[in-house]
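The chains carry the letters A, B, C and D, assigned in the order they are written, with residues numbered from 1 in each.
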Amino acid sequence: MSKIAFIGLGHMGLPMACNLVKAGHEVSGFDLVPSALEQLVAAGGKASNSARDAIEGVQIVVSMLPASRHVEGLYLGDDGLLSYIQAGSLVLECSTIAPDAARKVHAAAAQMGIEMLDAPVSGGTAGAAAGTLTFMTGGAAATLEKAREILAAMGKNIFHAGPAGAGQVAKVCNNQLLAVHMLGTAEAMALGVANGLDPSALAEIMRQSSGGNWSLEKYNPWPGVMENAPASHDYSGGFATELMTKDLGLAQEAAQSTGSSTPMGSLALQLYRLMIKQGKGKLDFSAVQKLFVE
Amino acid sequence: MSKIAFIGLGHMGLPMACNLVKAGHEVSGFDLVPSALEQLVAAGGKASNSARDAIEGVQIVVSMLPASRHVEGLYLGDDGLLSYIQAGSLVLECSTIAPDAARKVHAAAAQMGIEMLDAPVSGGTAGAAAGTLTFMTGGAAATLEKAREILAAMGKNIFHAGPAGAGQVAKVCNNQLLAVHMLGTAEAMALGVANGLDPSALAEIMRQSSGGNWSLEKYNPWPGVMENAPASHDYSGGFATELMTKDLGLAQEAAQSTGSSTPMGSLALQLYRLMIKQGKGKLDFSAVQKLFVE
Amino acid sequence: MSKIAFIGLGHMGLPMACNLVKAGHEVSGFDLVPSALEQLVAAGGKASNSARDAIEGVQIVVSMLPASRHVEGLYLGDDGLLSYIQAGSLVLECSTIAPDAARKVHAAAAQMGIEMLDAPVSGGTAGAAAGTLTFMTGGAAATLEKAREILAAMGKNIFHAGPAGAGQVAKVCNNQLLAVHMLGTAEAMALGVANGLDPSALAEIMRQSSGGNWSLEKYNPWPGVMENAPASHDYSGGFATELMTKDLGLAQEAAQSTGSSTPMGSLALQLYRLMIKQGKGKLDFSAVQKLFVE
Amino acid sequence: MSKIAFIGLGHMGLPMACNLVKAGHEVSGFDLVPSALEQLVAAGGKASNSARDAIEGVQIVVSMLPASRHVEGLYLGDDGLLSYIQAGSLVLECSTIAPDAARKVHAAAAQMGIEMLDAPVSGGTAGAAAGTLTFMTGGAAATLEKAREILAAMGKNIFHAGPAGAGQVAKVCNNQLLAVHMLGTAEAMALGVANGLDPSALAEIMRQSSGGNWSLEKYNPWPGVMENAPASHDYSGGFATELMTKDLGLAQEAAQSTGSSTPMGSLALQLYRLMIKQGKGKLDFSAVQKLFVE
């Protein structure tokens, strides 16, 4: 079993850290929110006073932070954490951030002789709690092999997307596509119902036909079609509209850096921003259904 | 076994009629193209000189025509086929047409005491040949039960979408959603590859994650990712861009009649029309990938 | 001075008919709404009991109706008005309808030896009242010359767009472009203000620069920038969102019939439909500004 | 008359610098391209070996560079030009860059006691040569008054958009709106012509009606409608597609930083990127017309 520092104990980070504890690892965590630290201690982890404190005597660092600027702020700069992590250590950076930001941290880590994976996740808070997250990782294949046991304690599907930054690229591509087919599904449901179809019948036909996609399979946006989907619970829980909007923004940053044209993905972003303007940012992202229904 | 008239022996209709023959039915077919009639005869069917000729002594009529105007032209009007079909007969109208056009034919058939299903298909020419089409049917549930054995000779999945016209509505909703996730998939593939990912690795990650959809499962638009997909054969075969464009136009007609907002679906239509302007209308619809790659 | 029948005395038709009276013409009007007839009589016109009654002894017919089906219903069919209008008469069809519908009426009129113009207007109820409408006309140039004096009593700018139906085509092209630059203006205003600019300063800069357009010149969508614009009066008055939505739908019908790709125009339609879903259909069409502001 | 340093003598910067010379100023210029320096000397200016060299003994600095990174690279950092410019000097930064980048340079300049305007231009190379550019400026109103005479030697319309960065914001808002109405105009032209209208007649009707905009007034995208527009000269000259694409990208950066929704503007960006994929990046931006014509 390993000693692991875990930086960032939010809605995702805390249950991930707890799963590491459950798997027998010794976890020293840090977060700015005291109650998060208390919950980690209650679960059998150790609270640290700072990120620097957390990495003391540790060769594996996991981080889970809100955005690029927090990750760059944590690791980079003369006084950044990379200056204090031992050479030969392993950094698993699980935040969803811009590929370019991830590559900057990779480059700095490499200079220090530290191995790193960008390893953003999908699966939401439910997947974090259940230890069934999907990891999309970027970095050396050998580094992934070293990290696999640690990641397996937190997730089920572990993909190697490619070199440094590739995990972030795969994540934004996937989430952009998810937003596109969720919107497409919501439009098709509204169009069919307006034209007289029963929502459950339509959903089932498309699910089994060439319209089939993950939104129809697991997460139908029409209330009542799936008992367990957020749509059937006032669009509460799940993956918030404002988080999807953030990911779509990262996809557009990636598109900007390569001049890629993404008409559907950028329209999805604009429509999600309209929802936020309407005060629906905290609702599950399947609440785009509301745009299309009177 | 039944006597069946089959009107419209094109790329879809001919193999469908042949499957009815194979299943033991007595099929009298009509088409304006002599070679189509010859092929039906070669397969064991009977050639008729006209649609009226074909329905002589027959109580089941199947039709497969290009567009609303052909279907209305065939069945409606003082001299339309409905005036000559025996009361109590069964009409299976398999063309993909506007829901409103289908409802008009339904109404006229009902007045004549003829039972009818609108029963558009998906599955393409390959599905038509293999007898594995999907039927999305609209009309009375009892009518579907009478038709089931006939349909089963031509297809595998048989859905009851709802009342008259509902089959057409389900079809256009499904195909609009298909176009949306195909475009979303093509964009995501191009974005990922431009940002350094291997196309097969990216495709596999998204297929197994929340981006998953039928395009990734069966029909990847990136050349070389799937051996059997049209993308790996210069986008030949499959479902032509101009046919997808036609279906997206029908979806917009349905949206217009109900005032439904479909930003993704209508953008998909506009992008498919751009492809036709570029002379790519005969290519498989997954060739939208070309829009996004230099 | 002439005897003129005027069919359709709604918000637009009534003031147009009154302007014909004012110009010295003898106007017999018909509408299904009794109060409209009373207003015409009060202005010096004559009330008729039916359209057929109104055209009695008259060689000039003007019509102003809500949609294609009303126009087709009025003029076409065995008992349509064209069967009762004298050969050699002049029909000025001012409704905004589908180009194809206009062409159908043109063809039927030509068979009867009746001259016709499709002559849709822009300028709204204010222009109708002031007699400053713009007419976009389709039909023979010689017919326009015969009609010019009549049209001049109701409008200021009289354009000859081309042959039969061309007036309607010009109208839908113009109004689609209007919707596009109104949306573009609203987006630019919201983007600039969110980034710290004063709305009036930004509006003035763009108006005088290459962003300049009619919305900035006459009809700024940001409240308070222009004293007299609907935006400064809770988006009341002006040109209703649901009327703009109707015109954008006609533009899409025209695009469908020629396979034209109009990504901006169709997106505008979808966004206007979203506004109607939000219950804003009666507001002036510049209220799209609300979509982009918290 | 003043001594002025001019950094960046490209297609825009060189004629601007020459106009300063013509107005009687003493201009020392710097550019990495020797022939640009030679042209400045031929026009009566002075060539410098470096930016540092150029600002020697000078209290007014004008810069015109391609992108944010060049401007930040020039002015910022320990060895940046701001460290060498005398306190009390005036910096006129005329490049089109991200508002956030402009604000960074403003803040650094303020710390050094240097007055600055962000002063991006519109009007293209023709306007630069003729001295008829439009300046959209951000910074203190008093600074603009000091700069007015200098700017007036290069341009005709000088706007004060607001505080630091506001010039850039106004520029990206304006250019996004320009792209939107150019696309809207190109779509409307193609739709009208496909439906049988004469392009010049349609253009004139819309120009005088509510569709009116700068593209119709000065820059019609349909070949042959305006003798002097790039469209009538194979879309050569004018404002390149790739430069418009750059500005639309800056607009999306600004939208991202405020969460602004810009469906039309972002769709315009995606369509311009499609043009670049098709190898049309060097054509004038009105060549979007080609997307919509067979």
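By definition in this document, a contact is a pair of C-beta atoms (placed from the backbone, for glycine too) under 8 Å apart; a residue touches a chain by one contact, two chains touch by 3 or more.
Only a predicted model underlies this, so the values are computations on that prediction, with no experimental measurement involved.
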(message) The A-D interface: which of B-C, C-D or A-C repeats it, judged by over half of the contact pairs being the same residue numbers?
(response) B-C
(request) Could you tell me which pair, A-B or B-C, is linked by more C-beta pairs in contact? (result) A-B
(request) Tell me, please, which chain's centre (mean of its C-alpha atoms) is farthest from the centre of subunit A? (result) C
(request) Compute the distance, rounded to whole Å, between the mean C-alpha positions of subunit B and subunit D. (result) 51
(request) Would you mind pulling out the distance in Å between where the CA atoms of subunit A average out and where those of subunit B do? (result) 39
(request) Mark out which residues of subunit C touch at least two other chains, giving numbers and ranges. (result) 259-263, 267, 271, 274, 277, 291-292
(request) Sort out for me which residues of subunit D touch subunit A in the complex. (result) 245, 249, 252-253, 256, 259-263, 266-267, 269-271, 273-274, 276-277
(request) Sort out for me which residues of subunit B touch subunit A in the complex. (result) 99, 122, 134, 136, 157, 159-163, 165-166, 169-170, 172-178, 180-181, 183-185, 187-192, 194-198, 201-202, 204-206, 208-214, 217-218, 251, 254-255, 257-265, 267-268, 271, 291-292
(message) For the complex, give me every residue of subunit D touching subunit B.
(response) 263, 267, 274, 277, 291-294
